[in-house]
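Sending over a structure as C-alpha cells; questions will come in a sec.
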Amino acid sequence: MQATDGYVTADGRQIGGVVLDLRDITLRFGGVEAIKQISFDIREGEIRAIIGPNGAGKSSMLNVISGFYVPQEGEVWFRGEKRGPMKPYEVARLGIARTFQNIALFDGMSVLDNIMTGRLNKMKSGFLSQALWWGSAEREEIANRAQVERIIDFLEIQNIRKTPVGRLPYGLKKRVELARALAAEPSILLLDEPMAGMNVEEKEDMSRFILDVNDEFGTTIALIEHDMGVVMDLSDRVVVMDYGRKIGDGTPDEVRNNQEVIDAYLGVAHD
Amino acid sequence: MLDANPAPENLLEVNNIEVIYNHVILVLKGVSLTVPKGSITALLGGNGAGKTTTLKAISNLLASERGEVTKGSIVYRGEAVSELNPAALVKKGVIQVMEGRHCFEHLTVEENLLTGAYTRSDSAAVKQDLEMVYDYFPRLRERRKSQAGYTSGGEQQMVAMGRALMSRPETILLDEPSMGLAPQLVEQIFDIVKAVNEGEGVTFLLAEQNTNVALRFAHYGYILENGRVVMDGEAKDLRENPDVKEFYLGMSDEGRKSFRDVRSYRRRKRWLA
Amino acid sequence: MMDQFFFAAEVFINGLMTGVMYSLVALGFVLIYKASGVFNYAQGVMALFAALTLVGIMDGQVPFSHLINAMFGTHLSNFSWTVGPLVAIILTAGVMVLLAILIEKLVLQHLVGQEPIILFMATIGLAYFLEGLGDVMWGADIKTLDVGLPQGISDTIEQATANWFGYGFFIDRLDIWATFIAALLVAALVAFSQYTKQGRAMRAVADDHQAALSVGISLQFIWIMVWSIAGFVALVAGIMWGTKSGVQFSLSLIALKALPVLMLGGFTSIPGAIVGGLIIGVGEKMFEFWVGPLVGGATENWFAYVLALIFLVFRPQGLFGERIIERV
Amino acid sequence: DLIVPNLSYRTGPYGANGTQYADGFNDYFTLLNERDGGIGGEMIKVPECETAYNTEKGVECYEATKEGALIFNPLSTGITYQLIPKVAVDKKVLYTPGYGRTSAKDGSVFEWVFNAPANYWDGASIAIKYLLDENGGDLNGKKIALVYHNSAYGKEPIRTLQELSKKHGFTLSEVPVEAPGQEQKSQWLQIRRDKPDYVLMWGWGVMNQVAIQEAANIRFPMENFIGIWWAGSELDVMPAGDGANGYKALTFNGVGTDYPLYDELQSYVIEPGKASQGGEHVGSAVYSRGMYAAVVIAEAIRKAQEIAGTSAITPEQLRDGFEQLDMTAEHLAELGLPDFGPAFALSCSNHGGNGMARVQQWDAAAKQWNLITEFMEPDAEVLDPLIAEDSAAYAAEAGIERRSCD
Amino acid sequence: MFYREAGDFKTSYRDDSQTFPIRLDRWGYYAILAVAVLVVPFVINDYWASAILLPFLIYSVAAIGLNVLTGYAGQVSLGTGGFMAVGAYAVYKLMTAFPEVNVVIHILLAGGITALVGIAFGLPSLRIKGFYLAVATLAAQFFLVWLFNKVPWFYNYSASGQITAPERTVLGWAVTGPAASPAAKYLICLAFVVFAAWMARNLTRGMIGRKWMAIRDMDIAAEIIGVNPLTAKLSAFGVSSFFVGIAGALLFAVYLGAAEVTEAFGINKSFLVLFMVIIGGLGSIFGSFAGAAFMVLLPVFLKNLLVGGFGWPTDLAAHIELMIVGALIIFFLIVEPHGLARLWRLVKEKLRLWPFPH
C-alpha cells in the first residue's frame, strides 16, 4: 500500500522502513487456536495499533513478539533478518520493551527501583565491582539514576519515587510500567492496554506521553487499546484481529469504515 | 442528595468513613454516600481517589489488605454492617465484583461461575442462572471448560461479572467493570447492568473510570478526589457540569477534543486545593 | 535364580506398602494445601499430637499431670479408668476438630490474604506450639499404642505364597491394613473435593482468598472444615505409625518422609499423594537394596528427594499437580 | 557445696531415654544429700540444664553451668566432642561412661576426660567375645551384621569389628540406618536375604524400637540379636511386645531394684517425694545407668577429698581422685550395690578402666531384663593399638603434649 | 516527633542511594558498631561468647546468605544446613591441608567452594518453583550430609567421623581451637558479619539486587524486560551459598570447634535459618540480624527465665519454652507478616508522625 521505504503521516512525520515483520503467525494452546495465520508489519517510527474484541489474540501477539510465546508456525523478521528462536531476555536486548495488560510491576520494590530495572541492559559493571561498590559500579549507578530521574520528571511521578509500587493505585502503576519500559530506551515499545482503568484526564496525560516518546526519541510504538477515541487519534495504522484472524489493516479511517470491523468489534460507528 | 425528606428506601448509607491502611496511610478522609434501593449509583474519580477502598470498606474486604475503617459507619438496610464478615454480607445480598478480575485461576470458567452461587442451595435455579449468564456472555460458553487462568483479560472480566450475577444479589458493588473490555462489550455490560437493575430490581454501586458510560447509565453520581467526595448529583446534572465535562468527559466547548491535541497547555482542575 | 526374582518382588511389594504409609502422612498436607495454599509444616506434629492424645485417652492419663504436679506438689498420673479404642478414636477426632477451630480463630483468621511463605511460617510456629503442648499434656515418654490393629508377618500370605511359588512372602499385616485405610481415605477425599460444593469452594479459597470472600465463601468455615479433616487424617497416620514404632517425638519427623511424596505427586493432588507414595516407597527401597551397599548405605533419605527432583525437572508441578499458570 | 551439673535432655527425639538417665543421676545425689548430708560433709548441688541432645544447646548449658562446677556428664557423643577441648582449657572433669570418644581412655592425652567403665570398642569386643563363647571359641565363616545409627556414635565400633573379623575369621556386613530410623524395611529385608548368623546393633531412640520390631517381623532369632547398652532399655523392647522376647543387650550396670541401695532410695528419696519426676522410672535400665554414673562420680569425689585432705575439692583434685579411683567389688557391695558394675581401677594413663561389661536378655513375659553372663573383659590385644593410634592422631591434630604418667 | 528526616536533604544521587540515608539512622549504626568493636571485646566472657554472641553473629551471616536467596531472589531453600556443612568441611580440609595459610583465607575459600556447590544445586530452580523448589533443595540437604558422613576423605579418616578444628591464629591471636579467647573469636566473627552485611547491602542496592528482586516479584515479567533468569537465579544461589558457607565454616571452626555432620548440619539447621529470615523480614539485611537475634536469644532468655527465674523443672520449662516460642512466632506474624524489620520501620513511621496518629 505504501512505498517500501516509508511514508509521511497526516501530521507530517516521516515513517521509515519495516522494522518488525510478522509472517503467517499461528499460535495454538492445546485445542485453542489463539492466532491464525496472521501477518503484519511495523515500521520505523510509527504508532501501530492492534485492536479487536476480547480474546481475539492481541496480547498473545505481543507475547509472540517478546518471545514469551513461540508460535507453531510463521516467522518473525526483525530489521530485515529472520529472528531465530529467542528467549524473552534476548529479545529485550534487541531494544524491544513493553508493558503488560495485567500490570506486571515488581511489587516488593520502590517505584525508583522498578524503573531502574528497565536499565538493566545499559548497566555493565561487573559483579565484584558491585559487591564492593567500587569504581564503575557507583559511577554507573549514578549516571543511570540521572537518566531515570529524567523519565520520572517526564512522567510526573516525582513524588512517589520511593513508594513501594504495591501501594499505588492502578493508574499510577500503569504509568510506572511505562516509565520502566522507557528506561530501557527501546527502539520498539509494545503497550498492552496502557489506558485501561483511566479516566479521560489521565488518558490525555498518557496520550501525551506516548506521543512525546514517539516524537522525541523516534520510538516505534505498538499499542493495544480498547478506547477507540485514543486509537483513532493516536495511531498511524491499525491492525484489527478477531478470533485470532486478521480482519482489517490500514489507517484509522480505513479501519473505521471497514464493515467487517464494524460488525465484529466496533458495533455502532464511532466518532 | 440533600433532600429535605430523606428517602426511606435508602439501602446503603455510608457515613463519614475514614480508612487507614497499615496503621499509617490515611486514604479515605470522611466519605459519605447513600445508595437508594433499586438505583444505579456511580462513584467516579481519578486514580487513587479511593473508589476501590470505599467499595472494599463496604464489603468488609479491607482486613485482608491490612486496612481498617477507623471512623464513621456503614449501614445496610438500617443495620450497621461494619462488624459482619464478608460472607455474612453476601448472605445479606451484597456482593462485590473486585477490580482486576480476581478469578479463581485453577478452576474452570464454569466452576468459577458456580462458586458464585456458593450461598445458594436451589440447584435447579442455579442451573437456570448459569444459562442466563452464558446467554449474557456467549464467549464464556465457548470457554466453559478452560481454566480461568488461561482466558484473556476480557474473558476474565466476564467471568467475574457472571460470577457475581450467579449469587442473585440484592446489591452489586461493581469495581471498574469496563476495564479492559472491548467497546461493544462495555455497552453490553452496562446494558446488562441496566437490565438486571430494571428487571430484577438489583441495586448497583459502581466505581468507574469510564465516566462517559457510567453517567449515561447511572441515576446518581459521586465524584471522589483524594479520599473526599468533591461533588455529587443526579447523573444528568453532572453530565452537564462544565468541569465534569472537561475533566471527566474530555469535552471542551467545541465537542470532543482529539487526544492528539491535548499536548498543549492544559488547565488543571482545582476543586480541592 | 528364581529366589532372586521372588526376593526382588518382595522388596517391591514392601516398598509399595511403605509408600502407602508415607502417603497417609502426605494426604494431610495435600488437603490443607489445596484448601488454603498453605504448606502445613505442622502436619507431622499434628500426627504426633493426635496419637499422644489417643494413647492418653485410652490409658486414662491425666492431662497436664506434670504441670499440675510441679505447681501443686500433687502426684497425679492416671485416672482409674481406661477407654476402649473406638471411643478413644472418636474422642480424639473431637479434640482434633477443637484444635482446628482454635487454629482458625487464633492464627489463620488473622493472616487472610498473606503470602504463602508467611502462612508456612505460621504453621512452623504452630508446630513448635503443638510439640510443646503435646509434651506438657501427655509427657514425653515413649508410649505403646494398640488399638487392635494386627501386626507382624501375615502367616496366611506366607503359607499361600510358599505353596504357590515355593517362596514365602513376608508382608506385614499392619501394612495391609494401612493400604485398605489409605484407599478408603483417598476415595472419600477425591469425591469430596471434586464433586461437592464445599470441595469446589475449598479450591477457590486456595486460589484467591479475597475473591473467595467476595463471593460469600466463609473462609472460617472452609478452614475449620479442612483442618478438621486434616486433623483426622493426621490421627489415622498417627495410629498407623504409632502402632509401628511407639508413640514418641520421632513420630513428628515422618513429615520429612512425606515431603518427597508430595513433591512427586503434586501438592494439590489427592491421588498424587498415593501414587507419589508408591513410587517413592518402591524407588527408595530398590535403590537402598541394590545400590545402597555399593555406596555405603543409608541412602533412603536423600534418594527419595532426588527421585522426586528428577520427576520435577520434567514436570515442575509434580505428576498430578495442577499446572502452574504462567501468563502475563 | 560441690556442683555437679546435669546436662540432660528430656525433650526431642531422645528425650524418653534422656529423662530416665537424668532421673537416676539426680536421685543418687539426692540420696547422698538426704542420707549422708552430701559427701564428706559437702552437699552436692545438681543444677540441671536441658540440652535437647543438641550440640549448640549443650555448649550453652556447659557455659551456663560451668562456674564452680566440678564435672560434666552430657550423655551425648556429639556434645562430648565439643567439650573435650573446652574442659582441657577450663580444667573441668568430663565423665562419659559408655559413650563419647573411645580413645579418651588414654589419660596421657586426654587429661580431663574419663570414660570408665567401658567404651564402644570394649562393647564391640565383648559382644564378639560373647559370641565366641557361644560358638566354642570359633567364629570362622560366621556372618555378623552390624545395624548402626548412621552418625558418629553408630560408626564407632566399625573399626574394631573390622579388626576382630580379621582376627576371628567372621565376615562383617555394615547396615546403616539414617536417623531417626523410623523406617527400616530395606535394612531388614537385606538381613533377611543375607541371613547373617548374628546381628549387632548400635542404635538410639526410635531406631531401636523399629529395629527390634522388624527383626521380629522377619523372624530373626532374637537370641542372636545383640544391642549395645544404649540399645538395651525397656523402652526399646516394649513396643515389640512378645516379639522381643530373647533379645540381648550389653550392659555395664545392674538392672531392676533388687539391690540393698534401693531400699534406702525408697525411704530417703522416693517416699518423701524428693525423687526426680516422681520416681516413675526407678530401676529401669537407663535409670540404673544414670545412677551408676552418679555412683562413680561420688566415689571419685570421696577419693579426691581423701587425697586432698579437704572436702571442698577443686576439679583438679577431682581429676586426681578419678585417677586413683579403685572400684572393687567389695566397695560396690558396701555401697549397697553388689555386683552392680564391674570392678575397675583408673590411673593417670588409664582413664577407661578395664572395659568390662556383661550381657542381659529380655524376658517379655516378665517384662524384665535378666543378666545372663558375668562381666567379661574385652580383647586388649586388638583394642590397645587402636586406642594408641587414635589418641596419638588427636594429640597431633590438636597439638597436645603427651603428659608423662610415670 | 522523636524521629525526623525532615531537613535532611540530599543533593546528589550518591547521597540518596547510600545505605542509611537518614542521618539519625546513620549515627545510630555507627554508635552500635563502635560499641561492638571497642567495648564488647573487653567485657565479653565465655558464657556471653558461646551462648549468645557467637551464635548470634554466625547465624546472622547465614541468615544474610539465605535472605539473599529467599528474601531477595525469592527462591525458597531448605538446603542451608547442607551448604553450611560444605563450608565447614571445606574449611576443615583447607585448614588441615595448608596449615601455613591464614585461616581467614581458608574461610573465604570455603565460602567460595560452597558457592560453587550452591550453584550446582541451584540449577533445578530454573524449572522448579515455589514450595516445590523448597522441597527440592532438601535433596541437597540430605545428599550433602550423607556424603560428608559416608566419604572418609572429608573427615580425614577419623574413627568416628567427627571433625575437630586445629588451632589457627590471626595476627598472633588464636581464633580457633580451645585456647582461643572469647574476645578473639568474637572479633573474627564480627569482622565477617560486617563484611557480609556490607557486601550483601552493596549487591542488593545495585543492579544485581534489582534483578534478583525482579525475579522474585514476577519472574516472567522480569524475563521479558531482559533479566536472564539463569544468571540471576544462579548468582543468587552462588552469593547466598558463599555467605552460608562462611557461616558454616565459622560455626565449625570458631564456635563449635568440633562437629559431626548429621548432628551439627542436619535439617534442623535449614529450618532454623529459614525461621530467622522469615521472622526477621524477607528482603531485609536488618531483618537477618533481627531474626537471628530473635531465634538465638529467645530460647536462652526463656530458659533462664523459666528455670533460673521461676525454678521450674527443666523438662517442663523446655516444653513450655517450645510453646512460647511457637506462640510468639505466630504473634509476630499476625502483628506484622513482613517480619521484625517491617515492624521496626512501622515503628519509625509512627515515631515520625508522633504525636499525630497519621
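By letter and in written order, the chains are A, B, C, D and E; residue numbering begins at 1 in each of them.
Heads up, the rule we're going with is that a residue touches a chain if its C-beta (ideal position, glycine included) is under 8 Å from a C-beta of that chain, and two chains touch if they have at least 3 such contacts.
Just so we're clear, the structure is a prediction, and the values are computed from it rather than from any experiment.
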{"item": "Chains contacting each of chain D and chain E, listed by label", "value": "C"}
{"item": "Chain E reached from chain A - shortest hop count over touching chains", "value": "1"}
{"item": "Rounded Å distance between chain A and chain C, as computed from the means of their C-alpha atoms", "value": "50"}
{"item": "Computed distance of Cα centres, chain D from chain A, in Å", "value": "74"}
{"item": "Chain B-chain C separation of Cα centroids, rounded to whole Å", "value": "45"}
{"item": "Per-residue overlap in chain C, given as positions that touch at least 2 other chains", "value": "66, 135, 140, 296, 298, 301, 327-328"}
{"item": "Residues of chain E whose C-beta touches two or more other chains", "value": "146, 149, 220-221, 224, 313, 315, 319, 322"}
{"item": "Junction residues of chain A - those touching two or more other chains", "value": "68, 100-102, 104"}
{"item": "Topology of the chain contact graph, where touching chains are joined (line, ring, star, complete, other)", "value": "other"}
{"item": "Complete list of chain pairs which touch one another", "value": "A-B, A-C, A-E, B-C, B-E, C-D, C-E, D-E"}
{"item": "For the chain E and chain C complex, residues of the former touching the latter", "value": "70, 76, 124, 127-132, 134-136, 138-139, 142-143, 145-146, 149-150, 220-221, 224, 267, 271, 275, 278-279, 282, 312-313, 315-316, 319-330, 333-334, 337-338"}
{"item": "Chain A partner contacts - residues on chain E that touch it in the complex", "value": "12-14, 16-17, 199, 202-203, 205-208, 210-211, 213-214, 216-218, 220-229, 235, 283"}
{"item": "Chain B residues within the chain E interface of the complex", "value": "20, 22-26"}
{"item": "Residue ranges of chain C in contact with chain A within the complex", "value": "327-328"}
{"item": "Touch list for chain B against partner chain A, complex", "value": "21, 25, 44-49, 52, 99-101, 139, 143, 146, 150-155, 157-158, 176, 179-187, 209-212, 247-250, 256-260, 262-263, 266, 269"}
